[in-house]
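Same chain, two partners: subunit A is paired with subunit B first, then with subunit C.
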Partner chain A sequence: MDSCLKIKKSAEQGLSDFLKSLLEKNEVSGLFTLRKSGVNHDFDYGLITDTQMMKDAIPLHPFMPVNAAQELSRFTGMRKPIAVVIKPCELRAFVELVKRSQGNLEQFLIISYTCGGVFRFEATTAGKAEKQLPAYWKAVSSGKNSDDIRLTCRACEHFVPMHADITVSLIGEKIDQECSLFLHTEKAVKMAESFGEPLSECEMASKTIDELRVQRQAEKHHIFEKIESQKGLDGMIQLFGKCIGCHGCRHVCPICHCVLCDFESHLFDSETEIIESELNSKGALRLPPDTILFQLGRLSHMSFSCVGCGMCTEVCPAAIPVASIFMRTGEETAQLFDYLPGRDVEEAVPITVYKEKELSTLGE
Partner chain B sequence: MTINISKGASLPIKEGIEKTILVFLKSLLEDKIFDGILIPMRVPAGDSYAWILVKDSLILDKANPLAPVMPVQGAKALKSLTRKGKGNLKFAAVMRPCEIRASVELAKLNQVHLENITLMSVDCPGALPLSDYTQNPQKGEERFKTLLSGENWGDDSTKPVCQVCDHFSLLPSADFHFGLLTGQAKTLLLIAGSQKGEQILSTHKLSASVSLADWKKRVDERTKNKKKQRADRFREVQKQVEGFDGLLQVFSSCIGCHNCQSACPICYCRQCYFDSEVSKLDLDFILQKAERRGSLSFPLDKRMFHVGRMSHMSLSCVSCGLCSDACPVSIPVAEVFSYVADQTQHTFEYKAGEDRDADLPIQQYRLDEIKGIEKWVRKAEEVES
Partner chain C sequence: MAEKFIPRIVSFLCKWCSYSGADLAGTSRLKYPPSILPIRVMCSSRVNPVFVIKSFLGGSDGVLIGGCHPGDCHYQSGNYHTRRRFAILNKIFDSLGLEKERLQLSWISASEGQRFARVSDEFTQKIADMGANPAKQEIFL
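Then we have the complex of A and B:
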């Protein structure tokens, strides 16, 4: 049983009112949330400091233009906290960044929600999203997987936030009538009290949540099975042969925080003579080189922290299912170290610790 | 710029244009005129093309001098080969005209070394949008075949910038050219554009004895048409993007992934300013910025990025369309950039990638330039007073 603030309004309206009140009562210095932007049915993340601007906020909209963790890690220095409304995988990614000294949890009041997944980019162009919303919210309410969401969302088991100060309960709830905010920390309780309505003790819709988790697991096995046949170097050549080397996957990856990737640095520029001698020994070479090596390098650097947010697939101009591949590999590498990305901010990233006994299976 | 070449050699077409060009290239390898050829090849899965530097003439059989798509700009492949120096071997690069132009621009920017490279171009029918091709490669192959053999080059199955491309044929900066617009299916033309090109013909005992008048007429006619279409299209683009609001609107769905910059052959910076540490800002500073307007959009500087990129590379933009291909949210980046590039290049009487000896406007100082600006300044002063 958790402390809970129930607002008798739709989930999105209730949350918006709550956020607005936080800002009005000066509990937070700003709100970081999804909002409507521009005139073309576009959405972006906005930092709102003026309550007037709350009219554009759509904190629960199923869309992820960027993984918010990337943006939150740009915020350095502290004042009063900022309330942020982010998805569970964005929060997990941010926890991974905090472990890498790329962010700070304390400066935020983190609000997350039981997440029904986000629409694919292609499903949201030209106002298509508005039409799909009723079906989406119906699915969320009844604990079903929706169509048009990212593949990795359909396969995501970690849709209940792990670290939030406040969880908005959506899966299995009457979201058109009620907004249930679960308060997990003292900070959250204090802020909720400022809203001026009594708190109660409640429970989340755990049965529906469990049912959805089972569906998601089945979907995950299905996706993994599909790429299973393309294991090994030959498989990678099949999958990544069409990679254009734009490294868009790395740019939007919340875990890949390097300001300059090795693969884009001078380290990976070959002397012309070296390429020539390689050509002489092989008869033919692909240029630019290192197409597969880049993927392997990235996998080895970040796969155990992969949260399966799916940004990489969304931005791939060559339509490579990058996220499914990375999620599949990430799950296996993380399991090797009993690690779950974003679970615990105290849990060290496997590559940063030395254990005398680990990877014993490799010896066999 | 007009080209003063009046004659070329002719080559009978056997088993299709691609095969004929390949057989010719193969003989260049076997005769040791080149140590390798940079050319597109279909990837093993058959769902796209990649640049391959080929030495082994047997492997060359699998290449395709006329790939339906341009997943990676040829100038980028050339950059990865020669960024650090000219090397010792001699290579030919078989590319589309816009790839030659980008290579010439990169050479001026010291990112490509052309001393040992022979730039070979083909009359280009345009390229298909990458996403159309990857969705259904087989259909893409068929569509391109129809395009190549038909009269409607640059039709609406090609990329928007290809539809209005007026640089689809031999450029003054190319060493060698395969003329396809001969008006008949039996022969193609081999045209030497430089001494390097002439050497190919002479060591191959081919004489430049065929008049190019007919081919030139066809190219000129098509160029004229395309110039008109380009002007028409860009008038529409102008309406869409002009002014601050237009610019905001056209890039309003941008997610800041910078794919356009990564795919652009001209943007060669290893680390864009907009990806640098500068993008990390103090929270107080961000809040102050937000408080001034009530809210602040993230990622920061999404639109500023495009304006910055434009000011850095538009003088060298070759309208290849790679930026649009790479955009995950379907912003018509290439059309906007091409439109602006035409204006900026016109202002400096510069044409990207055409003349190897013309200095980049940003690399030189002229006492007498951008006269148009004086007019704008005067106008602005009048408005103020």
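Then we have the complex of A and C:
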């Protein structure tokens, strides 16, 4: 049984009202949420300090234009109390960034939700998203995977937020009738009390959540099996054959925050003598070179922190299933150290720590 | 007579231990295969996993990282980090079905000239049995 605030409105309306109230009563000095923007059914994240602007807010819309962790990191230096509405994977990614000194948690009132996944980018064309919404919310209420969400969302088993102050319960709930805000911290209880309605004790729809998790694990297994079938050097060339080296995947990845990225530098550029010697032995050279080097290199630098948000696959111009590949290998490298990215802000990133006695078979 | 395949094994050796161990093997006139291509680094933890990947994709038949024994690192904890990085790289190769047997981490101290010769010999034999790295033939990489 947890402390919660129930608002007798639809989940989205209730949450919007709650956010507006926090801003009006000066409990926070700003809000970070999804908004309708422009005239073309566009959706963007935005920072809002004027309650008038809340009219365009759609906090629970199933869309991720950018991994919010990157944006939180951008304005984390403001050090003002801000309420943020982000998805569980974005929250995990932000915790990973906090571990790398790219942000801090204290200033934020973190509101997340039991997540039914997000639409693929193609849904933003011609108002497709609006058409997909009713079926989507129905799937969330009944604890099923919607057909219109990202592949990585279909396979995500960490859809109950970790480290949130407030969780909006969506999966298995009557989302059009009720907004249930679960309060996990003292900060959350204080903010909720300011709303003016009495708090109660409630429970999340854990049976539906467990059933969905089982479904998702099965999908994950299926997706990983497909990747596994393309193994070895030939497999890598098959998977990344179309890669043009745009590094879009790296740019949208919330974990890849390095300003001085090895792969954005001249570190691996070949001098002409080397190109000539390559040509001497092989007779041909694909340009630009070092495609697989980038992919394997990026895996070696961040795979254990991959939260499987799926942004990389979304932006890949060559439609390579980057997210599935990174999620699969990332899980294996993280498991070496019993690590789960974003689970606990006190849990150090595996490459930054060591135990004197471990991995004893290596090196002997 | 068929030419014997001499593997090319790029070897990152830490100055304080492994490289000195290799040097001792030399001054002691111990025999070990000409496959080892040494690259001296100050500490095994200087080795960015991407160096190992680049060597592998560049066609080296094997990649060896030599460092001080755990607890003896000249910089206290460098080799502990090397060990974790190597475990991760090994797991990535394993996960993607790449030949992880072509990568090896070995603790070799400055006084272990014999050990260096033995490790080189055994690793060379292992790689020779595996054959040349197919990456050598790949245009796309």
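The criterion applied here is as follows: the second predicted complex is superposed on the first by the 351 of 364 C-alpha atoms of A that agree within 3 Å, B and C clash if a C-alpha of one lies under 4 Å from a C-alpha of the other, contacts with A are read in each partner's own complex, and residues count from 1 in each chain.
Everything that follows uses one rule, which is that a contact is a pair of C-beta atoms (placed from the backbone, for glycine too) under 8 Å apart; a residue touches a chain by one contact, two chains touch by 3 or more.
Keep in mind that what you see is a predicted model, and the values were worked out from it rather than measured.
By the document's definition of touching, of the two partners only subunit B reaches A:D42; subunit C does not. In the superposed model, A:T272 makes contact with subunit B only, not with subunit C.
By the touch criterion stated above, A:L362 is placed in contact with subunit C alone, subunit B being left untouched. By the touch criterion defined above, A:V66 lies against subunit B but remains apart from subunit C after alignment on the C-alpha atoms of chain A. Once the two complexes are overlaid on the shared chain, A:G127 sits clear of subunit B and of subunit C alike.
Among subunit B and subunit C, the chain that touches a larger number of residues in subunit A is B. Applying the stated touch rule to the two superposed structures, the overlap between the subunit B and subunit C interfaces on subunit A comprises residues 237, 241, 284-286, 289, 291.
Listed in rising order, the residues of subunit C touching subunit A in the complex are 48-50, 53-54, 57, 59, 67, 69-71, 77, 80-81, 83-92, 94-99, 105-107, 134-141.
Partner subunit C is touched in their complex by these residues of subunit A: 228, 231-233, 235-237, 241, 262, 268, 281-282, 284-286, 289-293, 296-297, 299-301, 303-304, 328-329, 332-333, 336-337, 350-351, 354-356, 358-359, 362-364.
Subunit B contributes residues 35-36, 38, 43-45, 47-48, 50-56, 59, 71-72, 76-89, 113, 130-131, 134-135, 248-249, 252-253, 255-259, 262-263, 270-271, 275-277, 279-287, 290-291, 294-300, 302, 325-330 to its touches with subunit A in the complex.
Contacts from subunit A toward subunit B in the complex involve residues 29-30, 32, 35, 37-40, 42, 44-50, 52-53, 56, 65-66, 70-71, 73-79, 82, 107, 121, 125, 237-239, 241-242, 244-248, 251-252, 259-260, 264-266, 269-273, 275-276, 279-280, 283-289, 291, 314-319.
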